[in-house]
């Protein structure tokens, strides 16, 4: 049974290799090959899941040792896969959602001549992501970690002829690289601390290490998580990442890759448990990002960017929960899974809308679409209810638990974090309602006007087959696109309840992450009530602003906060001024220094020698007699030398 | 004891001889260096060499002494003199220096070197000193002969080879092969005309009725000497006797006397007088 | 008198000759100075042979003379041909060692 | 006395060089094929060496020893340890690709003159360089090593100065002047280093009375030879200086950008990927083994210099406008890593450094050769002249990207393994330096991706719109390199197993132990 684990990764990897090296002759069937292989991986995952369920909780950790990777002295890195409840959960999420999105992409990318390569990249991503969650040591995890980074680079920049896309891809990779540095330093610290970086021994002996070292490791891991999961201060790339095709945004930048940070933190639970300071920082980062993302989400008119902001904030929830320690780990993962469902569903819905609207992304040019694309409307609506935490839907359970846990943290921290979480819930309700209303309700704002906003992706494939210009004809998307949306909608409706009933999920995950009931100052009921109040507030506010009065087709100037939020709270501008400009100046001056100073010294000395020799050359005046003089002088010196020798 | 003493000193006669001739030699050497004309240097050098020959004899090197006189002073120095004559001593070998600082450097080096050398000799511990008595027992020449033809025979042969090579080399160097045939009178004349200077033949040396030696430049109508009328070698040696001044002086005196004889007034052109005078 | 004086004399003559080589420009005179130096050496050799009481010094002096003769012959030949080509026997005129 | 395998490995390309040079002027193609065959045969011999070499056997194997200059005790001593084997393998592997990549680089522009034969010369010189590099990897006699270490400069000089890059923005004569400037700069820098080293070599002989590496190390080990501290330090500096110039270490690096910029891509690869490795290799073999104490004494300074090279080189790479200069500065940054790993004095660091030499050779070759193909198509080295190539020539762009990813040491490709080992090795002894060095990782990503973005992505420039994709020959050059990169990235064990024992030996020479972890968690 264990030996199947490798198969999980092998299938999509094979797909990637075949599709990327296959050449044109595979264009016809490429997308089916990709989908098939990812589904195969999903099936293998199910089989393994069944196998795990067959065993009792203690023996649900399987490892498969493939080969010894880097054996150098004490530095032993093996290619070993580890399948336990945590990674199992991720495997199912990744392969499941992944397969659905493969299916969706078949329709979505139908008219792109490079569709084969797109599927190749998707498979590559799946393989890397699976490696990330299945790795048995941090170094192997690092490989997956950067692998998904590469895949996301390739996919964000899939339409490379668009400078914006290429830039966004580069930005994403670079920001992630900063995070990766954190991970690599963490690994080095582990090696110097424990002499190994395999999960087993490290997490087992984490307690023996000094708290200082644990804190350092924890902070470095957090840095990595920030990079990958777009947490403040490394969140700036996620918004631009929306340049990629929508399925990519759904799979990578909503459901799976961006949650890798949460996985990392939960996986390293033992380390964080030993480093309360690090945990505090984690919660702070989570809380800040939670609000940051939510506020940004409120102001964006680009539907995908609005969703991106929401993703950021939801991941903020997860990180916050993960930072709470044993009381939060499970709920972090639970929210992660449910979020994977409904956010993927929302993105696919958005993609479907754009598909029907000539790739228009500006919500101010939508409106009243519910009549034209009913399935999209329903699925999107269910996702919406799930994310705002409508009672009974998945978001309700997972988010509620996190808020409870936040309060349960106890003390002032508990109150602050809980308050933040509640506020976040309110804002979430607000911006999601906004999106919903602007897109599907109100009167159509796209009638009799070419809705091709100039900066809209010129080569979104759908653009070719229906007149890119002129009035759009909203229509429901093909079946390959609707089916995944339906499935995901079901998941986002039922997931939470399914997990929560009888704490199934808790018992499933507890052996890995550990769990402890915090003693909350407020009863669970109170918290739920508070959440409901926030929810109603948010929805009501949004209704008041976007539901009652018509939405202006062009964005009003808005308050200071709105304008700031539109510009990602000026975080990008800061980066641009400080890092980009400063960096350019630094490199320019360094080039100058290298040319004038370092090289100049050498050339200068060379010139000096040249002049000296030129001066010496004068002595060679060609007169035999002056040469004779020097000879004679030399003779005299020789005599003197001999005499001196004899004297001493 | 006595032998020791004998070892360290020589007869007073030799001492006297040394001091006299030694100073002569040094003076000769200095003159060799300082004389302006090569001929004089050569002669001084010859003198020095003869002195050295005497010293050889005094040192018991009879053969060498003779060789020195015969070969060096006799042959080599004469060779020098020949060359000096052949080349024509460019008496313009002024002692004024052309290379800046050369002379001072040279003197400095020479002084330093000399001092060092003398100092070195003084410093050297030349203790053992046994005259060439028993060495020359069988006769100096025989002794040398035995050494040359036994111990130094190879070197001797080599020097022979060296001499032959030198002789041939000298011949090769001085011999000049005529590559093109000699020009005929006609060609030379044509060339002269083409060049355009000295179309007529060069003027002849000598002054009418007074001097006819080849080293006396002919006078131009204004009384200045015509360099061209003297052969090139003499010109190069600067051995031109200039008689223009005294020639003019004689002329003036002549006219003086003529006027005194036939009381002539001043205002008569000299030329007429000259012709008239000649007519007499 | 100590015959070392002969050596002093030789040294003196040698120095004079050397200086002459340096300051005179007429090639012939330069050659004469060289001869002077050689003779000085010979004197030294002879003196040495007398000191050591064997004839080797004289032999060396003899060889020196032979070599000197050869050298003079060739040197003078060179001077003659030089004079032929450039109508002067000054060593400075032949400053062709400069490129 | 068995078959002198090592001598043969070095002699084969040497003879090949002579033969290639002797090919008559008309048969240019014949010369090319001959060169290719010779390089392949050398590769075969190198593989034999690899097979015959027993990682767990004696320290130096396949040794040969003949008396050469008896008066100075100079012996013709060859022998390979794991490190040398790895690097010989690298050289032999890269050579055929270099020859193949330079197939048309030396074709005479105007044909006809029957005595002018640049093609033969080009390939002959390349083979000559290979021979000298290989033998300097093999030499265990300091003197023999020195001779070939220096002789290498001659063919390199002609390769740089004689066969410049044809893609030159301003005219041919400007090109030739810059070319000769680069060549002379290369020569002078390395000669200066070499002369100082020569002094040190002589000094070593005076002190130790022998040139034989093994004898000296042995003597120092059993205490029969002791050096005064100052003497040892001076000698060490003499050796190190030469190697620091060769493996450009800041601030002795400025010759590399000029040389790589002016020479053709294959020659540029020859410089960075092969010749410069002799420098770093020699640090590992000679500096550390001959002067352990002095090495330890100098470590802090050298580490700082290496650190500066890493960051400085990367920053300058970001600032370049010329593709080849960019690669050159990237290489300087990488050499910083290598030196850092060597002088971190840990098993991981030194194994990592050795792997780094191999991997950097392969990855730079891949990147630089593809860049060369690109440049030869457009006839310009300026980044600004490109754009949107990816749409016109996808294969070229893809291989270029992979080369770039290798340069930024993406996990899964070979350079990652070595870079991480170097970092870990350094970190475990000098945490601060290790952490600062990680800046190099980010910067590497920056310059690589900026290069890729500016040249390959974006709207297609009219000049490149007609650019043909890679030809079969070029694919044959690049594909194997990429395969190698992936293989060594996923399964570097064959390499590490060869290198490890040698590194452990070196460590014991320097009397260094790896620092122990705080918590003994590893079972």
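The letters A, B, C and D name the chains in turn, as written, and every chain counts its residues from 1.
Here is the rule we go by: contacts are C-beta pairs under 8 Å (C-beta built on N, C-alpha and C of every residue); 3 or more make two chains touch, one makes a residue touch a chain.
This structure is a prediction, so every number in the text was calculated from the model and none was measured.
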(request) Consider the two chain pairs A-B and B-C; indicate the one with the greater count of contacting C-beta pairs. (result) B-C
(message) Report the inter-centroid distance (CA atoms only) between chain C and chain D in whole Å.
(response) 62
(message) Report the inter-centroid distance (CA atoms only) between chain B and chain C in whole Å.
(response) 16
(message) Distance between chain A and chain B based on Cα centroids, please, to the nearest Å.
(response) 105
(message) Distance between chain B and chain D based on Cα centroids, please, to the nearest Å.
(response) 73
(message) Where in chain B do residues touch at least two different other chains?
(response) 99, 102, 105-106, 109-110, 113, 117
(request) Spell out, as numbers or ranges, the residues of chain D touching 2 or more other chains. (result) none
(request) List, in ascending order, every residue of chain C touching at least 2 other chains. (result) 18, 22-23, 25, 92
(request) For this structure, give each pair of chains that are touching. (result) A-B, A-C, A-D, B-C
(request) Over in the complex, which chain C residues touch chain A? Could you list them? (result) 18, 21-23, 25, 91-92, 94-98
(request) Within their complex, state which residues of chain A touch chain C. (result) 620-625, 627-629, 632
(message) Under the definition above, what is the set of chain B residues touching chain C in their complex?
(response) 8-10, 12, 14-15, 18, 22, 25-26, 29-30, 32-33, 38, 41-42, 45, 48-49, 52, 55-56, 59-61, 63-64, 67-68, 71-72, 75-76, 79-80, 83-84, 86-87, 89-90, 93, 95, 97-99, 102-103, 105-107, 109-111, 113-114, 117-118, 121, 126, 128-136, 140, 143-144, 147-148, 151-152, 155-156, 159, 162-163, 165-167, 169-171, 173-174, 176, 236
(request) Note which residues of chain B are touching chain A in the complex, please. (result) 99, 102, 105-106, 109-110, 112-113, 116-117, 119-120, 123
(request) Please name which positions on chain A make contact with chain B in the complex. (result) 621, 623, 625-626, 629, 632-633, 635-636, 639-640, 642-643, 646-647
